[in-house]
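Here come two complexes built around subunit A, the first alongside subunit B, the second alongside subunit C.
This part shows the complex of A and B:
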């Protein structure tokens, strides 16, 4: 018999506690992100496709066209060319192409780079129906960003 | 009484509008309530605060094909959704929204309302049976056992009110509670009924939630067990009518709770009684019902029946005896 009353009073109490919790939650601000209107800030270690890093002083890419990234890439995503302008000692990047359809974001290219020339971007909302849209010209992207 | 032809026509239009607005925007209110309890936003795209969402949903449902699957009982399958709406709409005829807004003040209106509430159960029974789907049939069987279990304590509790008031007319019951909250049946000072009336109110409120098949008593549409129960085979407006019927049942249930326990259209402090107090009270109750739905998980069918047979029915019987004793003694 005491179990019967315990059921009633204990049950009622737990039901009231539950109602209290939902009542408090009702007046708290929403936690969901309204995606197309609110763009989330990505975490620092988020891996998007790679991008070139600009030299702060010269305004040109850090890249010296050594080709380590191209050689490190297991899938052969990266093709880059450079040429030596007349009167200068170092090569200048003329084309840096990333085939993102093959990239698995392993990061070997970034590990292999000794000149801090590439990094992961925070670009996450990529969508397209055409394969060509995923072959990025990163040099052009860098110019457009600045 | 005014016997002009305009009276029924105007009341009919008024009730249809009231029912339509409620059935549509309670869906919106429920989605908003659920969303905020879960700390989401809910509908917000269609119109300000998503207020036109019901219109968008309605258009979407109406443009869909009303599919009648093979193996169903064709006629019953079509009748069931309509039958889900009719009792709730018909109940409004006798509900006194205020002292002078009532379509027909029938002497036995309490009886009529509860008879119609039982017919509402048949819509689900017929819909489930006619679907020719095993989940729908199980759902129909559950609705019947649940309805029988919860109508008993509900009606016994209503008898206590009828005993206190001495009338089965909703108009008289509401009239006897006018002039301040200490006259309401739940807090009624004269005769000392306030000592135990809150028990009756709780029993009645739990039963009215159970009668409308709302969570946590929604055994008939337990998604995890029965797909969508009796609505499994319904699409387009067939489904829409079941939903509207459910919301109208909530409105009627809240109206009945208000009239029986919370003083109908009477104001809590005795000034300016009128339909606004009635509406405020029913929407507070409806909010409570939405709140309850999004707080509690669904129970199991045998626990649900245990609650009724082992707790609510004994309590309502004791409540009836105590009421009789109080009326005799005081």
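This part shows the complex of A and C:
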């Protein structure tokens, strides 16, 4: 019999404590980010998909088409081609394609690059219903940015 | 505790729990043979999210496998990073700078906190309590912000490197972590213990339910809070110390009861112990480099190497067999949840369905880690 009353008193106490905490929190300010109205600021080290870095002097990408990023990538999501224009010593990037459907944002490509040619972008709100939208032409992206 | 089952064979029925079920938190299927509301036989069926991680390791270099480790246990990714880099460092004989070891410990323990907070909220959600989830996620979000500041990602971290960590932590991170610990300490008694631990409904749902004995743990190789909740004091951080764990003063919470409540209490006490480790590590944090010079392509000497770490769910082991090449000859990953789930069938026999689900929640299952 005493257990019965203990349960009733204990249950009532638990209920009141819980309701008390909820009631107090009800009047506290909102802690969640109100997304469409409030846009999050990405941290400096945020890993978005990669993008090419432009050389400040020449206006062309820093990339020298060595292919280290392509070899370092665990999932094989980078394809790049380059050609040597007549009269120039260095190769010039002609195509840099990122298959973002396979990318796991590990950053192996950026770590393998010795020429500061790629960096993480700050894009986070990517959404599409078509797979083709995630095959990024980074050279085109760089041209559009400038 | 377990009700005697007197059933006629033609009166039992099979109930599929999963593969898509809110209480299994992933694609786990449990084939339950039921007699009314009592479980007669429970048989976990695995393999719905098998991704061949071990095989994948064999056709890529040691460094290229790093991102995979975070995708196994997505809740305690940094411990998996740690286990793998420890095994490779042992194989290649790489010395890690002291500051890097401290940063590893701080980030792994922060990650353990996020894992326990998420377990806590999801477990209570299984039991039917919704609001604790909101309080725990508020705290968890603070840690995710801190970890995002240093690692760049919020869940599947790939922060550790052979011979150190990817990049250094800054003063903002250190002060942020100290403030967070202060905040969690002040919130623990009210939001976690007053609201939930002392709640009579929770106690009635967990006490004396899902008893796991020491012998069962030994038989199935269970580790982590499950083993410590059954009265065995085993923690890889203390029993086979790695990294700089011997330098810290912390306790291993052990409860003798072996029921769901004991496992709950072990995890709640571990939150406190993790905070103690982080505080001490921040106090002792030395200066210096965070990454040793390591060749880009590793070719460890042929041999057999093993490293184990204490992840949030138990001991995670990495057995690495090298043949002197650029990629592992074989990588065997020992994941704790696989062993912990194995005893579910034996323990759940004779339980009420609702109790079996509460017991499953107290095991803290992460399905991608079971299947790998």
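Things to note:
Everything below uses one rule, namely that the second predicted complex is superposed on the first by the 110 of 146 C-alpha atoms of A that agree within 3 Å, B and C clash if a C-alpha of one lies under 4 Å from a C-alpha of the other, contacts with A are read in each partner's own complex, and residues count from 1 in each chain.
One rule holds in what follows: a contact is a pair of C-beta atoms (placed from the backbone, for glycine too) under 8 Å apart; a residue touches a chain by one contact, two chains touch by 3 or more.
The structure displayed is predicted, hence computed values, not measured ones.
Contacts of A:34 after superposition: subunit B is touched, whereas subunit C is not reached. Once chain A of one complex is fitted onto chain A of the other, the partner contacts of A:72 are limited to subunit C, with no touch recorded for subunit B. In the overlay built on the shared chain, the residue A:115 is in contact with neither subunit B nor subunit C.
In the superposition on chain A, A:105 makes contact with subunit C only, not with subunit B. A simple residue count on subunit A separates subunit B from subunit C, and the partner touching more is C.
In the superposition on chain A, A:10 makes contact with subunit C only, not with subunit B. Look at A:18: by the touch rule set out above, it reaches both subunit B and subunit C. Of the two partner chains placed around the shared chain by superposition, subunit C is the only one that A:45 touches, whereas subunit B remains out of contact. Subunit A residues in contact with subunit B (one complex) as well as with subunit C (other complex) are 7, 18, 21-22, 25, 31. Interface of subunit C with subunit A (complex): residues 60, 63-68, 71, 131, 135, 138, 148-153, 156, 158, 166-167, 190-191, 194-195, 198-201, 296.
Subunit A contributes residues 4, 7-8, 15, 18-19, 21-23, 25-32, 34 to its touches with subunit B in the complex. Across the complex, subunit C is touched by residues 7, 10-11, 13-14, 17-18, 21-22, 25, 31, 43, 45-47, 72-74, 104-108, 112, 120 of subunit A.
If you check the complex, the residues on subunit B that touch subunit A are 33, 35-41, 44, 291-292, 294-296, 310-311.
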